[in-house]
Structures are given as C-alpha cells and as structure tokens.
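Right, one structure below, let's go through it.
First chain written, first letter: the chains are A, B, C, D, E and F, and each begins at residue 1.
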Amino acid sequence: MDPSLILSNLLNAPVLFFALGAVAVWVRSDLDIPGPISKFLSLYLLFSIGYKGGVELGEGGITIAILTALSACVLMASLTPIWSFAIVRRWVSVPDAAAIAATYGSISAVTFITAVSFLTQRDLEYGGYMVAAMAIMESPAIVVGIILARIASRDAATGKKASIDWSKLLHEAFLNGAVLLLLGSLIIGSLTHEDAESLAPFVKQPFNGVLCLFLLDMGLIAARRLGDLRSAGWRLVIFAMLAAVAHAVIGIALARLIGLGRGDALLMAVLCGSASYIAVPAAMRLSLPKANPGLFVPMSLGITFPFNVIIGIPVYMMIIDAWWT
Amino acid sequence: MDPSLILSNLLNAPVLFFALGAVAVWVRSDLDIPGPISKFLSLYLLFSIGYKGGVELGEGGITIAILTALSACVLMASLTPIWSFAIVRRWVSVPDAAAIAATYGSISAVTFITAVSFLTQRDLEYGGYMVAAMAIMESPAIVVGIILARIASRDAATGKKASIDWSKLLHEAFLNGAVLLLLGSLIIGSLTHEDAESLAPFVKQPFNGVLCLFLLDMGLIAARRLGDLRSAGWRLVIFAMLAAVAHAVIGIALARLIGLGRGDALLMAVLCGSASYIAVPAAMRLSLPKANPGLFVPMSLGITFPFNVIIGIPVYMMIIDAWWT
Amino acid sequence: MDPSLILSNLLNAPVLFFALGAVAVWVRSDLDIPGPISKFLSLYLLFSIGYKGGVELGEGGITIAILTALSACVLMASLTPIWSFAIVRRWVSVPDAAAIAATYGSISAVTFITAVSFLTQRDLEYGGYMVAAMAIMESPAIVVGIILARIASRDAATGKKASIDWSKLLHEAFLNGAVLLLLGSLIIGSLTHEDAESLAPFVKQPFNGVLCLFLLDMGLIAARRLGDLRSAGWRLVIFAMLAAVAHAVIGIALARLIGLGRGDALLMAVLCGSASYIAVPAAMRLSLPKANPGLFVPMSLGITFPFNVIIGIPVYMMIIDAWWT
Amino acid sequence: MESVKRLEIVIESVYLRTIVAAMKDAGATGYTVMHDITGTGDRGERRGDGLTDLSRNVIIIAAVPHETADAVLDAVQTVMKDTGGICLVSDAQWLRH
Amino acid sequence: MESVKRLEIVIESVYLRTIVAAMKDAGATGYTVMHDITGTGDRGERRGDGLTDLSRNVIIIAAVPHETADAVLDAVQTVMKDTGGICLVSDAQWLRH
Amino acid sequence: MESVKRLEIVIESVYLRTIVAAMKDAGATGYTVMHDITGTGDRGERRGDGLTDLSRNVIIIAAVPHETADAVLDAVQTVMKDTGGICLVSDAQWLRH
C-alpha cells in the first residue's frame, strides 16, 4: 500500500475547500453560503452526474452484468440497516437506533461525486450505471429502518403498536426531490445520448469547481453539526467511523465477487460506506419524530462524511489496487 | 409534413426536463428550485440571448429589412389583443377579457429561447434583430389591453369611467426588469461586438444546460398552476391552444410576406403564438385588480406555454418548411 | 496621454453593465438581482481570483520582490486612514471621520477584479501575489480607524474613554468571510497548482460574464445609495473622488519605487485608490455604532467605486504608461 | 413605553407599494415588511413561484399611535377592498430607543 | 372589525404540512406562513443549513374566531406534543376586506 | 397556558448577536428570528442590498415570563440606545408543548 495516496488526496482542491469550510467555523468567521445557493449547487451536481451517467447508460445499454451490480447494491442497502440496528440498539433507544440504521443503509451523493472526481483525476473509468445504483440505494434503507422500529417497539411489553403512515413513508422514501432529479436526469440522459454534446460543456466543465464550492459549504455545515456530537457519546462516534470502513470493505468484496472494474469498485465502496444526511433525516423526522436528530445527523455529517472524503476514498482505492492486481 | 419532427422534439433534453418538472408535481415530490435561483436562471437567459443578439446586430447593422420585421412584430402585438378581447369577452367579464387579451398579445421569452435552442440544434440561422423584436413585443399589448378595458367599461350603462394611472402603467409596461435587461444586453452586445470573445464562453456554453434547469422549474410552476384551471372552463382552455396556433400561423404568413428566412419565421411564429406570464400578469394585477389571475395566468402558463414548447415549435417548423420550399 | 483609453473603457461590457444597473434605478425599473445571487456572484469572483492568484504564486514561489510589494501594500493600508482622518475630521464628528478613514484605507475587491479584467483584455501581465496583497490590505485600516477614534475621543474634554472590544474587532477585521475565502482560495491554489487544469474551465471561462452580472448588481446598489449622499455634503463628495486619485498616484509612485511591472502597478493603484464597502462598513457598524453609515457607505459605493471603474482605471493606466516608458 | 395600535397586514406582494403609500398618506410614519410569505385564505393557497412575484404575500407591521390609528385603518380598508388581504389589529406598548 | 384569537406558532419546518392539516381539520380556514426562521429554545439553536430543511423553523399565524379557537388550540397542542415548538395566543381585531 | 409578555424587536441585522446576548444575560431563555426584513422608520428606508448585510433588519420575537420581563426590556433598551430600532410589547398566552 502506498500512503502517499492519502497525502495526495489531502492536497486535493475539493478536500482542501472542505477543510477551509471547517476552519471558517472554528475561527468563528461569518463566511456563509446562502441557503438557495447550497440547493442550487446540489441541484447542479445531481443534474450533471445523473445526465452524464444516463448518456453512458444510453450508449452502452443495460446488460446482465449491470443488473447484477444494481441488485447487489439494493441488497446492501437493505441489509446494512439490519446489522447497524442490532449494534447501536445496545446504546440508544429504538427510534434512535432505527434512524441511525436507516442513515447508514442509505448513501451520500456528495461522497459519491467526490469519488467520481477522484477517479477522473486518476483517469480511471467507471460505468454510468453506478449512478443508477446510487439513485436506487437512497430509499430502501428508509423503509427497512421504519420496519425495524415497528418490530422492535412491538416486542416491547406495552403491546401498543406504533402506527405507520405507509403511503406517506414510501412517498418520502422514493419520491424525494434529490432521488427524482437524479433518476430523471439519468433517464433523460439515456434518451438523448445521441446529441449529448449540446449539454456537455454545462455538465462537464464547471463540475469540479462547483464540487469545490459545495464542499466548502459542506465543511461549514459539518463543522457546525460537530458540536451536537457531545450528546452522542464516544461509542456512536466510533461506530460512525468503523461502519464506514466495514461497509466499504463489504462493498469492495461484493464488487470483486461480481467482477466489477476498479473504478466501479471504488464507487460501490463509497456507496456502501457512506451515510445519508438529506433524504433519510427528513424522512426520519416525519416518521420517527421521537428519534433525536442530534444523534444521526452529526454522526453522518460530522464524522462519516469527512472520514470518507478525506481518508476513506484513498484508503478504499489502495485496498482495491492491492486486491485487483 | 414529417411527424417525426414532433417525436424528435419530444425527445429533446429541454422538453424532457419540462416534463420531469410536471411529473414531480403530479407525484407530489418535494423537488423544488428556490425562488432566487429561478430568477438567476432567467436573468442569465435574458442576459445571454440579449447579448448574443446584440453582437449580431452590431456586426450586421440595422437595415430596412430589419425595420420592416420589427414593425410587423409591433403591429401584431398591438392587434392581437383586440381580436382576443372580442372573442373571450363573450365568456368572461371586461377586466378578465382585457387581461387575457393583453396576455396573448405579449410574448413568452422562454418559448422564444426554446425555439432558439431548437434552431441551433438544427443548424438553422436566425437574425439577432429577432431578439430586439421580442423585447419590443412585450409591452404594447399591456397598453392596448388597458385601453380596451377602459373603452368597454365606458360603454356600460353606469357611465362611470375607470380611471387609469397612465404614468404607472406605461412605466410598468416599458420599464419592467425583464424588458430592461433584455434591451440593455442587446445594446451592450451591439456596442461591444468587437471584443465579444471575452464573454463568449459565458453566454454560449452553459446556455442549453441552464435552459434545461429553467424548463424543469417551468414544469414545476406550470403543473402547479394547472390546478387553477378548474375555474377557467373548457372554452378558455380551447382558446389557449387555438390562439397559439392561429397567432403563430398569422405570424408565419407575415414572415413570408416580408421575406424572412426560415429561422426568423419560426421565431416570429412563437413570438405571435406565445403568451406572457411575467410582465403582463404583474401589470394587470396593478392596473386591473378586478381581473382574476386564476384565469389568465394558468391559461398562459399551464396551457399555451407547454403547448408551444412541446407541440407548437415542431409543428410551426413543419408548416414553414412546407411553405418556404 | 491617450484619451481614447477612457472612451474605450466606457465601451467595455463590464462598465456598460454597471451603467445599465444605474439606469435601471434612475428610471425606477423593478430590475433586481436577488440577495443570495449577489452573494453567490461575489463568492465566485473571490474564489476564482484567489485560486488563480494562488496557482501563479505556487508556480513562481515567494521572492524578496514579492515580500517588498506586500509590505508596501500593508504600509499604505495603515497610513492612508491617518491622513484621511486628519482631513475629514474638519467636517464631521470623530466616529464619522474614523469610519471614513477606515473605509478609504481598505480596498474594494470588485474594483481590483475589474482592473484585472482590464489588464487581461490588454494582454498585460500581473503577478498572482497582487491577489495576496488585496487580501492583506482589507483589514489593517479597520484597526487603525478604531484606534484613531479612540485616541481622538480620549483627547476630548470629557475624559471618558470609548471602550473597545478588541477581540471582537480583530476578529471582524481579519476573519470576515470575504478575507477568509480569498486567502483560503489563494493558499489552496498555491498548494494544488500542479493539477490546476481540473478547475481551470470553472475559474476562467465564466469570469468576465459573472463580472458583468455582478457589476450590473453593483450599478443597482450604487445608484440606490447615491440618494443618501444628500446628507454628506459637497466636501465629502469631492474627497471621495480626490482621495481615489491621490491614493492611486501614491500607489503608482510606490510601485515605480519598488520596481513593479505595469500590470502590477495598475493593481497597486486601484488597491490604494479604492475604498471598502463590505468588510469595513460591517466592522464600523459594530465597533462605532455612532458613525453614520449614510456617509461612508454612499461615499465609497456611490462615488469612489464608479469613479474608479469608469474613469480611474484607464487614467491610472495612462499615468503608468507615461511613467514606465 | 407608549401605548399604540399594532397593525399586521397580509397582502399580495404586488400591492406593497400601493398600501404603504396609502398608510403614509393617512399618517403612519413607520412600518416593517416581511417578504416571501405564503398563506391560505378565502381565495385559495398563495405560494408564489419565485419567477413571477404574483401570488406571494408580504406581511406589513405598523405601530400607530391611537390618534392616527383610525385614519390608517380606513386607508388600509380602502386598499384591501380592491386587493383582498387581511389586517389584524391589537394593542401594544412601544418601547422607544 | 371582528374579535378573534391570534395564534402564532413556531415549529420545525418539516412539520408544516402536518400541523396545517390538523388545524384545518379543527376548523381553521386561513393561515399565513413565514419561512427560513431561526431560533433558540429548550432544544438548542435551530439555524438550518440551506441544504437540508432540517432544523429550520417556520412561523404560522392564524386568526381564529372565538368559537373554533379551542378546537384549533387542541389540535396544535396534540401535534406539538410529538414535534415540539411553541404557540403564543393573543386577542386581536380582524379588519375584513 | 401561561401568561407571558411577547416582545417583538426590529433592529438592524448587524446587531442581532449583540441584542440576543444582552437578552440572554437578562434571563430570556428562548427567541425566534426572522431575517431579510425591510422597513422604514425615523432614520429612513432600510432595504438592504444582498451584498452587504448593512441596512437590513431582523425581527426578534421573545416570549418572556412576567417576572423576567422588566430585566429583559431594560437590556433591550440599553442596546437600542446605541443601535436604534423598535420594540413592541404585548400580552400573550403561551401554549406549551
């Protein structure tokens, strides 16, 4: 293994802008990115990654190999919450455990996008279908998390079942804006791949720059949330890091098993190893209002996200490099 | 005529993103584009189309042919409200009829821009002066609409004249932000056409991508407004479509008469066939508060706009292709 | 001297868009750029100018010549407030004089950026370290201004010392968002200069276009503020112009003395000749609430800024051209 | 502290200038405006759309001394007859700076 | 002018739909919403982050006739038991358009 | 429901931190802030400009129990002596969650 990969990742513009955001919070600067701009940058990134993935899918078509990979991803997204729940349930209440479980079963689009930028810089290829994999991994964990909460609270002595508004929940899980934009751009990209040139300068050229600005914003947000971690306790902090590594390694093993290339394997690793901080927390607030957002949000945003972006991605790459040769 | 042109227009990225926006509303997703971002995208499009048009005008200079075309456009913008008023007055009150008349006499910048993108994709040329035509067609209909409302209410038995604040009205009509930015960019483009390269990457490369995002937003907005149509009744819905076709065909005939090229003829068609949903509604709210915005806004935004973007543009192109050869 | 340079600067797209903004206010149009978009455009410009400067610094390294130039800049930023205070103190109160002094000691990033765009258009080179100079010139004047206010009020008969919250003040002076983003981008640029290509299309291509939109916004803001000038009186209006010229000429002389090139000399001139309207006013509101923002804000934003952008830059260039040959 | 009437007006944003002008004419010397307000009333939901300013509300708050309150309220009612909207009136104490 | 109860509710924005639905069911016919509200209360600071809508407040203002006020207040309290938030109630006069 | 004083403060946004700190010191435990507020008062129009935060208002709402109300009001007045702004005080009932 080559530790210089970690160092060189640290000297990567996106990672450094993330650090700049965190520094701004620590020195209590008033540096701030207005809310609508955050949303715009994230809309752009989803639009762009979705469209590019779709164009590639449209050119290559859907193969058995792709369907296998997608199935593996959905499987991971559905199983991860189960063991995560079993582990954290020892330390926190049922709703908190379910919310954390759902968070870690789902994915972080920005981590994925940062990994894509990492691959591009190293001229490693990846398949457009991995974007589809990202889109379909966002939601299953939400459903599994809520089912876990329900089963566990049924077990409890009171006998009172927690009632769940399933239509609202499925709606929240599968039709939230980010998922819809990603899937929509993917489909539109695959339908219009023949004249993709007209959109190429828009989806490609500013991509890295927008990612830097967005990670600056993520640095601000993550560092602010970090303070909430006091209430989480050291066990959850450690979980937030170990879960990233463990899930990523399982993802890499799975990628090896089904014969993915190195680029796809890295993306699979970050999908499995990352945790949600947009779709899942919103769904949890609605469906499990008793779950404390002061736990699952800072774990995902303050620990797992920076861990993956700064250390995880190069480490997973080193593991893959070692394994694939 | 070649129906495949309609189909191929349906598989156009901007049109598909418009559809994605509408779908998002129908499945009640929370996909949303923040208000300031909507305004920014529209500022960019006006800036960009104005500047490009201005550069071309500056290079070519103003000719008799151009002045003829501009006069034809102003004529159409002033006459359209008159017959529109006469038609819809049978079904709605005087202020409602006047507001609808003004709406259909004016133009929709996004329809124009979508038509420009349609032309660019087909390598058809158009003159920069058509942008000037768009700018000067926004306002006359507002004035004509208000005059119609005044005359018609004077006819009524009461004898009470509706008083109009002309300075406020003309101000609203000719100095609203969109018109000013468009005209300003046009003039600046024509003054600085010699070093237009320094702005070229900004005004050209992201254009199609921004249009896609903007049409996504328009899809969200149009689909939300569609619900308001219940109060409009089927006659107005049919008017909203027939008016588009009829005005576009008159526009095409006029273009033929004054000898415009095919690209310019298409732009003339969409200018005549489109209806306003920014400048006019705002002016009507102020000058005719009794006019129900639940009628003229959804007619323009929910029917005429999608009709033109999805079906109208390729159909007008087919008519022109048949006529010009 | 060649007066055509002033004329040709007047026919520059950024300057014309600034004028368009002012015109929009004068005709009372509703043209408006939403607040979050203003902030976004300014974030982009700071990010971009900082990163490009950093890449250049990283490539060239830090030399004695650079350190000399930076020292000269800090010196100017610290001395300018002293004589400015002495002059305006005759006409206004101590806090007002101190606030004006701080304003004129600090710099205007947009003036600097407009000068950069002016140089680029004329293919004149400038050193990346001038961006560093801009970053370190923002803050000293704030501190000097507050010290002046303190000394002057101590002199007064009452004997009551104005108490200053130094930690808050230094914080405001050195860690405000704009300074931090500029310095951060500079450092990141110099650290990652080896693969600067991945960000090049983002930081370079839209730069001029964004500057135009931003100057449009500045035109709106400056023209609105101009009305506040009634309370300022003609002496301060004249000061706002003479100070620009005088400080710029001192800056040019200094540049000549330490042997800077023509491009760097122009940037030095605008740094010395420009006045702050973001960092300083915010700091003054907090530290000197008795200072009337109706004086120092419109002086800087309504007079000095347009003066420099429209007339100052080409005039300073002519002076430099005459002197350097 | 001075006893005043606190007026709280919800009105479509296109009418902001109109109603503020009317209130000033009637003697109101100060007011505060909140933007980007949504709401539902007799005439359906108003959520605006960011593109047009149509169908978006503002809230105007004005503290008015008792002696001018009636005149200002009359002015508000006259404008609202054309434009719709609501006005809530309550008593408050004004702490002057 | 009609005498009404003025309810002013501060609640996390994810619960906006829930509480508005409950208030409508209890008889409230109109309401006004302010967005992007920050605040501090028992459960710490809420400043949101623009990216997620989590941890950002809205304010809902509703003028309710005295006869339905109790039902609406009950509905509000039921929702707030799960979601947290505050509700201030005061008397006001409603000037109808 | 508990009877409280409802404070509504309009102040320039640069002073938000200052006044909130003063109110907390005086015993206020919670508050709610609305941003991007414009207005007109003795010192002319304040409409801000998006670029600087200067000349833009915020509204702070605080429900304060009667026993701490006077201390908080004193703190507010002390800050406002330097900064300007207005503070409206009224009675309200607080429905706790």
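In this section, a contact is a pair of C-beta atoms (placed from the backbone, for glycine too) under 8 Å apart; a residue touches a chain by one contact, two chains touch by 3 or more.
Computed from a predicted structure; not experimentally measured.
Between chain C and chain E, the least number of touching-chain steps is 2.
Chains that touch both chain C and chain F are absent from this assembly. Chain D and chain E touch with mostly distinct residues; of the residue numbers seen at this interface, under half occur in both copies. In whole angstrom, the spacing between the mean C-alpha positions of chain A and chain D is 46. In this assembly, the C-alpha centroid of chain A lies 41 Å from the C-alpha centroid of chain B. Inter-chain centre distance (chain D to chain F, centres taken as mean C-alpha positions): 20 Å. Of all residues in chain B, those touching 2 or more other chains are 33-37, 39-40, 205-206, listed in ascending order. Along chain E, residues 34, 36, 83, 90 each make contact with two or more other chains.
Chain pairs that touch one another are A-B, A-C, A-E, B-C, B-D, C-F, D-E, D-F, E-F. Residues 8, 10, 34, 36-42, 57, 59, 73, 76-77, 80-81, 83-90 of chain D are the ones that touch chain E when the two sit in their complex. Those residues of chain A that touch chain C in the complex are listed here as 11-13, 16-17, 20, 23-24, 27-37, 40, 117, 120-121, 205-210, 212-213, 216.
Within the complex formed with chain B, the residues of chain D that make contact are 12, 14-15, 18, 36, 44, 47-55, 82-83.
For chain E in complex with chain D, the touching residues are 1, 4, 6, 20, 29-36, 61, 63, 90-97. Chain B contributes residues 33-39, 42, 217-218, 221, 224, 228, 277-278, 281-282, 285-286, 289-290, 293-294, 297 to its touches with chain D in the complex.
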